[in-house]
Amino acid sequence: MSYALQQIIENAPLLLIGLRATLMLAVVTLAASTAIGVVLGTLATLRPRWIRACVALYVEVFRDIPLIVTIFAIFFGAPFLGVPLKPFPAVALGLSLWGGANGAEIVRGGILSVSRGQREAATALGLRTWKIYLLVLWPQALRAVLPAYTGLLALIVQSTSLGALVGVTEFLKAGGLIIERSTVMQGINPAFGIYFFVLCTYFAICSVLTLASRRLERRLGRQAGGGPAIRAPDASRL
Amino acid sequence: MEFDLAYLAKQVPALRAGFLLTVQVSAIAVLLSVGIGLVGACLRVMRVPVLAQAVAAYVEFIRNTPLLVQLFFVFFGLPALGLKLSLFWSGVLALTLWAGAFQVENVRGGLAAISPGLREAARALALSRGQYLRLVGLPMAVRTGLPSMLNTCVSLVKNSAYVSAIGLQDLAGVAFDRIASDFRAFEMLAVLLVGYLALVLSLSAAVRLLEHRLQAPFRA
Amino acid sequence: MNKTRFAAALLALGLVAGQAAAQQLPPLPQSIRDHGVLRAGVRCDQPPYGFRGSDGGFAGVEVEMARQMAAWAFGAADKIDLQCVTADNRIPQLNAQRVDLLIATLGVTPERARVIDFSDAYRWGGSDLLVKKDSPIRKLDDVRNRTVVMLRGTTQALWFDANMPGLQSLRLNTASDALQALQQDRGEAYAHDAATLIVIAARDPSLRLVGEPFAIADAAVGLRKNEPQWAAWVNAALARMKAEGLYTTWLERWVPAEIRQPYTDAFMKPRPAAR
């Protein structure tokens, strides 16, 4: 175990590079997922049935296909479609499409949780649809959505580890490289210690986010309309 | 870009074997994880000293760490402790531990949803905690928690694809292996996308049907 | 003319001829020149061709080849961007334009030729099996009912799929994972390029090679399709490396003398036949 610790300290720069890549991937994915989620989640609350059906189809597809398959599909498939996508963009795209699907569900729930009275009052005041969303529905949905969104961020951080499988040097991959080097050069395998360290680091980051999500849920919990708090997508829905 | 049906036809035996492996891994992991869920929830509800806290810590740890890293830890790391499992059992163990944590929460949720009246009635009848759980609590909890428990099971089947990352030749593993050797990404990915979608959708539909049936006595 | 003048004239002639030879490389394509550095994919887990040196940096004969190409293309050996690739992600990385060439123990196979182009072969390589010293496996066919560890996407994987389809194989992602699996008895044999297995066996007395070569293939530089100008440059660079005897120099640096002969043969002699 102490050998593993020694390896971690010696290779701290490499691990930090990996951690930086993980966080960058998470931030990019969060931004893109938010964009996709807000657009699709809002569309899912419009009246025309075909729009809602399209969004439901997208959400279903990206939540039902294993995330690992989505990412490999983009990474291996993109060159065949003539779009050369480097590993980082490929993973970011795959995670964003999945994150957007989850985000859409959260946003949809958030908008629907705003009491009908609000929408009716806004319509009675003669506001046009896009103004209703912008001025009335989105701001109120935001309160409902925040706890669940923080939970989603925890999931996104965890899923960045898939980048290791297609060649992105993120945190998990950095750990793997240390193990590889040690195994081949010194014949000692620190896999137990290194992977345990990787697990603990993810735990440190994600538990902070999860706790924040739970605290936000308690504080912002019940909306003005009295609807139930939006549940964060459970990690089991990964 | 051509779609080579003949190539796909030749891969069918390997893909079928992979699919079988997916089913095996998922089925065993589902059963074991439900077991962990029931035992873990009981330990927490009965507030068994030390074990209850251990279960709570276990659940928090699993929920806040990536499944992929857990898998790598089980397959590459545990041998250092003398626990060297085969590829198959490493995959099963990792998936079981992962889903087990969520099942603990699902069963706890079901137990918490039991109306206090029932608990008081059980106490009035002088049922011990254990008897309460066995005769009243768990059956009711499972009934209430069944939707979320089954959803976790479906997620487990879906995420069984992760075991391909350590080289297990399940459906995803066979497909990725073929892509690495033959480069027919389009054909293999099409199989994977259709395969997993079909699998998850049909399981979800079955779950919804079951929920509908179970709700029958409660509908007006 | 006295002796000194004669020698000087010969020397001058030699220098001029050398310069002329140096200028024999065709022009570098603009798309490559635009990057400013040579972006090459190399192995980081396969000694002696591509691996991590004791200082953690890139090391090995193929890494030297890449550095030399960088020197000829951009004027300095450090004008290079080396990327570690594995057997299963090297070709996608090339096609995704993360790298512009692969000098990564890439064997020439018809499946790969469908999706990428190969340069002229610069060496050949065979496969072998690594087993524990006391293993009952003595020849290739002995593995038929046993578990063999290999890497995904390698020539060995292709060979076993074609020649022993029912074989129980453990397909992992890196050489170190495979070595670990062998040492932990997860598999009874580890099949990989003989070149790498020889180095591993030399380092670890508890392992030995079975010694029956199979799946011998040419190794070439991997290039994207439809880049004829770049291919011409790479081929010329490879020819120049051979003509200037650089392979011998690099082999001397990276391969201990006692095991060097098979490697020299791989670069210099024609490819033999095997299963």
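Order as written gives the chain letters A, B and C; numbering starts at 1 within each chain.
Assume a contact is a pair of C-beta atoms (placed from the backbone, for glycine too) under 8 Å apart; a residue touches a chain by one contact, two chains touch by 3 or more.
For clarity, every value in this text was computed on a predicted model and none was experimentally measured.
K.L.:
Which chain is the middle one, judged by CA centres?
P.N.:
Centre-most chain by C-alpha means: A.
K.L.:
Among the chains, which is located farthest from chain C on the basis of C-alpha centroids?
P.N.:
It is B.
K.L.:
Measure off the straight-line distance from the CA centroid of chain B to the CA centroid of chain C, and report it in whole Å.
P.N.:
Roughly 43 Å separates the two chain centres.
K.L.:
Centre to centre, by mean C-alpha position, how many angstrom separate chain A and chain B?
P.N.:
Comparing mean C-alpha positions, chain B is 21 Å from chain A.
K.L.:
Could you state the distance in Å from the CA-based centre of chain A to that of chain C?
P.N.:
Going by mean C-alpha positions, chain A sits 39 Å from chain C.
K.L.:
Going through chain C residue by residue, note those that touch at least 2 other chains and give them in order.
P.N.:
177, 180
K.L.:
Show the residues in chain B shared as contacts by 2 or more other chains, in ascending order.
P.N.:
Residues 76, 79, 176.
K.L.:
Multi-chain contacts in chain A: which residues touch at least two other chains?
P.N.:
Those would be 76, 176, 179, 189, 191.
K.L.:
In their complex, what parts of chain A are in touch with chain B?
P.N.:
Within the complex, chain A contacts chain B at residues 60-61, 64-66, 68-69, 72-73, 76-77, 80-81, 154, 158-159, 161-162, 164-165, 172, 176, 179, 189, 191-196, 198-199, 202-203, 206-207, 210, 234-238.
K.L.:
Using the touch definition up top, name the residues of chain B that touch chain A in the complex.
P.N.:
It is residues 1, 60-61, 63-70, 72-73, 76-81, 99, 102, 151-152, 155, 158-159, 161-162, 164-165, 172, 176, 179, 185-186, 189, 192-193, 196-197, 200-201, 204 of chain B that touch chain A.
K.L.:
Touching chain B in the complex: which residues of chain C?
P.N.:
The contact residues of chain C facing chain B are 87-88, 91, 111-112, 114-115, 152-153, 157-158, 161, 170-173, 177, 180, 184-186.
K.L.:
Would you tell me which residues of chain C are touching chain A in their complex?
P.N.:
Checking each residue of chain C against chain A gives 44-45, 47, 51-52, 54, 56, 85-86, 89, 92-93, 95-98, 174-177, 179-180, 203-204.
K.L.:
Per the contact definition, I'd like the list of chain A residues that touch chain C in the complex.
P.N.:
Of all residues in chain A, those touching chain C are 75-76, 78-79, 84-87, 90, 166-167, 176, 179-181, 183-185, 187, 189, 191.
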